[in-house]
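Across the two complexes that follow, subunit A remains constant while its partner is subunit B and subsequently subunit C.
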Partner chain A sequence: MREYIIRRLLQVIPTVLLITLVVFAMMQAIPGDPLMALLGDAYDEEDAQLLRQEYGLDKPIISQYFIWLGKLVQGDWGESFISGRPVLQDVLIRLPVTAELIVLAMLVALLIAIPAGTIAALRQNTWGDYTAMSTALMGISIPDFFLGILLLLVFSVSFNGLLPSSGWVYLPGTCPSLICEASVWGNLKHVMMPAIALGVGRAAILTRLLRASLLEIIRMEYVTTARAKGLTEKLVILKHALKNALIPTVTIMGLQVGFMIGGAIVVETLFAIPGLGTYGINAIILRDYQQVQGFILLVAVCFVVVNVWVDLTYSLLDPRIRYNA
Partner chain B sequence: MRNAHVLIRSFTILTLAVLLPGLVLAAEPKRGGTLRVAYGNKVSHLDFHTAPGYEMMWVAMNIGCGLVNITPDGQFVGDAATAWKLSDDALTWTFKLRDDAFFHDNTQVDAEAVKFSIDRIMDPETKSGMRRFYESVQSVEVVDPLTVKVHMKQPYAFFLHMLAGYRTGLVLYSPAATQAHSLKARKRGDPSAVIGCGPFRLVEWVPNNHLVMDRWEKYFKPGQPYVDRVLIRVIRDPIAQMVAFKTGEIDFIASFSPEHVQTIQAQVPEAQVLTGPETTPMVLRGKVTVPCDGKPDASMTNPRCPHPIFGDIRTRKALLCYGIDREEIVKVALRGLATPWVGMIPPGTMDTVDVNYMCPYDPDKAKTLLEELGYGPDNPLVTELTTDTEKAVFNAIATVVKDQLARLGVTVNIKLVDKVTWMNTGLKDGPWDMDVEDLLSLLTLDSNAYLTVTQSTWNQTRQTDVTVDEYFARYATEMDADKRRAIAKEFQEFMADKLYWNVVSGSPFFQIAQPWMKGYTFNSEFEVHYETVWLDR
Partner chain C sequence: MKLQVLNGATNGSAATAVIEPEAPVGRAGVPSESLLAQTARRLKRSYTALFGLGIVVLLVLVAIFADVLAPYDPVVNSMNEMFQAPNRTHWLGTDQFGRDMLSRIIHGSRVSLAVGLSSVLLAIFVGVPLGIIGGFYGGKADTLIMRAMDLILAFPVFLLAIIIMIMFTPTAGLLGAMKVIMAIGIVRIPIYARLVRGSVLSIKEKEYVEACHALGQHDPKILLRHILPNCMAPIIVTGTLSIATAIIVEASLSFLGLGTQPPTPSWGWDLKANVAWIQQTPWLALGPGFAIFITVLGFNLFGDGLRDALDPRLK
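Let's turn to the complex of A and B:
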């Protein structure tokens, strides 16, 4: 198992490097550079030229990339061209916020998907199935931002501020700045709507997947055998069928993390949450290459690590899966 | 146009109606509390002499102090200066400073600090966006600790306007703090490096999230500021801003999207909707020249040739003057909240002149001009209109223009890009035909110069007519106000005739305040000060 984990983590390195190289090249291909954003209405070609030299933006793209990479291996993630702030510090401040949002959104997704998918499979072609599938279709069809706005209108506006519409309260002990609020209840109130907005779409996908997977499993011979042994239907479904049916669901969950980071950009912007999503989108808008690289690097590492972890959970769901070297 | 005036007037009346009771109560401002402000954009960095963007400026005005400020009716009031005088030859300004102004590092605001700050802005090494406005300045002389003289190369009628309200205005820096800390420290917002002499001192800045300023106890205006703290939060989405406002999470939206103003009025009828005559032009421009060799040439050192479509004044007249219905654009895209306008400076800018009569909507005349140019069913004119995603209204205007020009048989393809791409195309002499934007809030016609003079990077239409430069120079150096107004009128008529810089309307600016926010003075984008604000919760 240990060897497997090490091998998988080593595979991360070329993957991440390739991603950063592609992103670096793509960012350079987009018109404009960070100096447009840095100088704004004060933009002057002469000043911009001097600053380009100062920041090394006049060098060939490949040189710029290797300079960045050289610093990275020494633990220096660079500094924002615009604000001059260290990238590593800024992304690490924001990572826990987005991680919490994604974990809770995934929890929302599972809390909806597991019962809905199971009911839909066990009651195939009944009203329960149709209801679950229609709801899932709606969930997939509603964009995150639209659901977010609906939630805002209901829970913040109609219920007169029952849930806060924007901002963030940190969990106790995680406050990254001088001025910030920290409390468990406050945090829960702030994360609830964004997590639902982000989780519902994923719940819909997982519901459909779990239904299909469970429908296949419950027709398999080992499930018939379990029933023939006289096990209760509850035990057959929960212990034998559902566990196996969850393997493809868990795989998709891992992949969904990547989509959720994309969704987090929208949801964090809507709810003004100081997470990685808002950081990333601002970096892209302002062409702040250092920030974009830091953002992408962190997201790529998180994505790969989550998927390694997902692979490892297979053995918990199906003991026949082993990770021997 | 009448509708627009009625609407603007009704907003002003509403604003006054809400503010007047506040003004009565303002006799006894309450101290304390936190003013919670929403900004729609992030602050880029905190070196005020070099950072761009209104959000930064609105921070700079509260952390920093300058020599003078300007009131909404155009009067100058002292900031760190108590008195100022211009010599008879209009070549020397003398400023007397107050003796009780201190920077946040406890050093005194003195003549040395003024000289240090102006010299720093004028130093090309600083790369300050304000440098261009100091071109008339020869030198700064320290007479005594509380007297400073600014020697001019030539008379400059707008020197005080510039010090007060061009971009940040003059923000004084503490020489000691500036020399003790690196530029990097200031840019990233280290509180010990960002030292001003304004009513609030910086406590913390977390980019993209929040900025906190606390009352500076040694601020020179007695009793001010009234609030203990200002907490600025970045909330980009206007709907999220609106919801946060309705639920009372924020007290003030520093810049609110015009397309949602009517909604917030319906949702929160007691809200103070602050606005005034527009000071930002909404432009619809055509590129006038292109490089003859086809290679982008931002510095315009190589020969220029007329743009294949808009290089001919008849096309500009047909499409930008007679071919567009400004009233309809305002009604549809701006919900009637702006003034249809032709002049190069909007209705709220000093010395503005209504030249709308020069470009009445006249599609027949436009068609005739197009036929003269050889365009018609057999040779349809196809052009591209570039706009950016910074404000939703730009695309709405582009869509209305597309529809209006289609009525003339002209096909307009809209190209929607992000702001940086738009800047890149315009500033680097890239290929474009028409664009829609709202550029910059203009205190004076003079402040438009750097967007229009022939050799400016921001002369995006790349017009090469030096008459424009001459007009700006004459206007800026004429010290007689009446003569200056006459030049301004002549100049605006000239520009409306040549259409080097075409305007469709003003770009309305709205601020939204809770009913309990008192003492704030609306002064467009030029002056956003929180020291007089108090909370009557």
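Let's turn to the complex of A and C:
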């Protein structure tokens, strides 16, 4: 097991290097001179030349990449053109907010998907099944941000601000500055609608998948054997069928994190949550490419880390995988 | 014949299934039913798939005849008519610039459908040949293609679409729509490349392909006449379901201001613009939102039906 974990972790290195290469190429491909953005109206060719030398922009492109990579590794992700703040510090402040949103959205997805998928499979071709599947199809078809808007209309507009329509209250102990509000209840009120908006689509996907897996598993011989041994139906389903049906669900959950990162960007923008998504989108709007670069790098690296974590979890759930890997 | 169906991860059932269509059982002298005829027969029996197809056909007609159907010009401002509630003259009200929402939704269908269909076609036209070459020839070509696909897949789909749109710089009109098509198309290429490669790896070992080689047929002819047709079923199913995903991605990009730019009517952009006034004019956000939802639902219903028709055992 240890060998498998080490091998899997080592595979992260080339992937992250490729990501840095793509992000670097992207920054080079953006039209316009970055120094023009940096200097703005004060642009002067002499100053620009000095800055080019200072930032190593006069060197060959390959050298520029390795200089940039060296700085990244040392934690120097550059400074915002606009605020002058270190990019790494800013993205790391916002990461826990986005992570909380994604984790809670996944929790919402599982709380809906596990009972719905199980009922749909155990009551196949009944009204329970049809209702679960029709609802799942609608859940898949509704964009996160539109569901968010519907929730806003119900809980913020119709019920006179029962839930806040925007902003954020931090969890106690996670406040990044001295002037932000922090409370568990406030945080829950702010995160509830965004988490539901982001989680429902994933719940629909997981419901369909869990139903399909369960339908396959409850027809397997070992489930018949468990029943023949006289185990109660509840025990057969919970201990033998559902446990195994959750294995592919974990994989898809991991893959869904990629989609949730995308969804979180949109949902954060809708609810004005100070997470990575709003940070990235504001940076794009303001053309602060240092911030854009930091945002993309962090999100892509998080995606790789999540994929590795899913692989390792998968191998824990299904021991056959590590021997075959 | 074996067919491999990979449902897009976004539509719920990402399981890969190998399909063994029923063997032709035509009586002597009676030609056996083709896969197309079997699919059409099964589709006719699925009311949900027909309902989805109905929505799709209706939307295509709305997009084609948008100029005739829209009661007003969707881009002309009318400042003395701004923020009107739904009424007899403006059925869905007017936005902050006094533009008729119904007309904007009708014209917005063009962008959504054009981006949805074209991006999937782009991904198919690039991804399928890459998958065929990789699967059929193997070796270095396969390694090179698949590593390139892995590189694309190393990024979350939506993030990569954002990166590409930053590089392209979003604009209005046809050029703006083409940029979005490119961005969404590029991020979807690996889906088809991987899907087709898997199918080709299986199909190329079949006796009839060996027979073609023995008969001295050239590779391009074998690929186009014998291998590609046998990969079509999963491509069609994945393609149909991918249109739904592409429409959501387009709307999301527009919602963030990275899709087609105003004044070009776009459901995602209109939704974003109208959310700002949600307290005062909540109805304005509903129109574009439901338009996206119904369109995506239509494609998902039809795609699901198509998948079930091509392999009823997956139902």
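The definition used in the following text is that the second predicted complex is superposed on the first by the 271 of 325 C-alpha atoms of A that agree within 3 Å, B and C clash if a C-alpha of one lies under 4 Å from a C-alpha of the other, contacts with A are read in each partner's own complex, and residues count from 1 in each chain.
Rule of thumb we're sticking to: a contact is a pair of C-beta atoms (placed from the backbone, for glycine too) under 8 Å apart; a residue touches a chain by one contact, two chains touch by 3 or more.
Only a predicted model underlies this, so the values are computations on that prediction, with no experimental measurement involved.
J.: Could you look at A:Leu152 and tell me whether it touches subunit B, subunit C, both or neither (first, second, both, neither)?
T.: After superposition on chain A, A:Leu152 lies in contact with both partners, subunit B and subunit C.
J.: Mind working out whether A:Cys175 is in touch with subunit B, subunit C, both or neither, as first, second, both or neither?
T.: After superposition on chain A, A:Cys175 lies in contact with neither partner.
J.: By the touch definition at the top of the document, which applies to A:Asn160: first (subunit B), second (subunit C), both, or neither?
T.: first
J.: Now for A:Leu9: first (subunit B), second (subunit C), both, or neither, which partner does it touch?
T.: In the superposition, A:Leu9 touches no partner, neither subunit B nor subunit C.
J.: Classify the contacts of A:Arg208 with the two partner chains as first (subunit B alone), second (subunit C alone), both, or neither.
T.: second
J.: Under the stated touch criterion, which partner chain does A:Pro143 make contact with: subunit B (first), subunit C (second), both, or neither?
T.: second
J.: Counting only touches as set out at the top, which of subunit B and subunit C does A:Phe259 meet: first, second, both, neither?
T.: In the superposition, A:Phe259 contacts subunit C only.
J.: Just to be sure I read the superposition right, which of the two partners does A:Gly84 touch: subunit B = first, subunit C = second, or both, or neither?
T.: Once the two structures are laid over each other on A, A:Gly84 reaches subunit B alone.
J.: Figure out whether A:Leu51 sits in contact with subunit B (first) or subunit C (second), or with both, or with neither.
T.: A:Leu51 sits against subunit B, while subunit C stays out of touch.
J.: Kindly list the residues of subunit A that each of subunit B and subunit C touches, one partner per complex.
T.: The overlap between the subunit B and subunit C interfaces on subunit A comprises residues 30-31, 149, 152-153, 157, 165, 269-270, 285.
J.: Please give the residue numbers of subunit A that touch subunit B in the complex, ascending.
T.: Going by the criterion above, the answer is residues 30-33, 36-45, 47, 50-51, 79-80, 82-85, 90, 93, 149, 152-153, 156-157, 160-161, 164-167, 176-179, 269-272, 274, 278-279, 282, 285-287.
J.: Hey, which residues of subunit B end up touching subunit A in the complex?
T.: 42, 44-45, 50-53, 124, 127-130, 132, 167, 184, 187-189, 203-204, 206-210, 212, 231, 233-237, 239-240, 243-244, 246-249, 267, 298-299, 417-421, 423-425, 427-428, 430, 439-440, 457-458
J.: In their complex, what parts of subunit A are in touch with subunit C?
T.: Counting only subunit A, the residues touching subunit C are 15, 18-19, 22-23, 26, 29-31, 136-138, 140-146, 149-150, 152-153, 157, 165, 204-209, 212-213, 248, 252, 255-256, 258-259, 261-263, 265-266, 269-270, 280-281, 284-285, 292, 296, 299-300, 303-304.
J.: Touching subunit A in the complex: which residues of subunit C?
T.: Residues in contact with subunit A: 9-15, 151, 154-159, 162-163, 166-167, 169, 244, 248, 251-252, 255-258, 271, 275, 278-279, 282, 285-286, 289-290, 292-293, 296-297, 300-301, 304.
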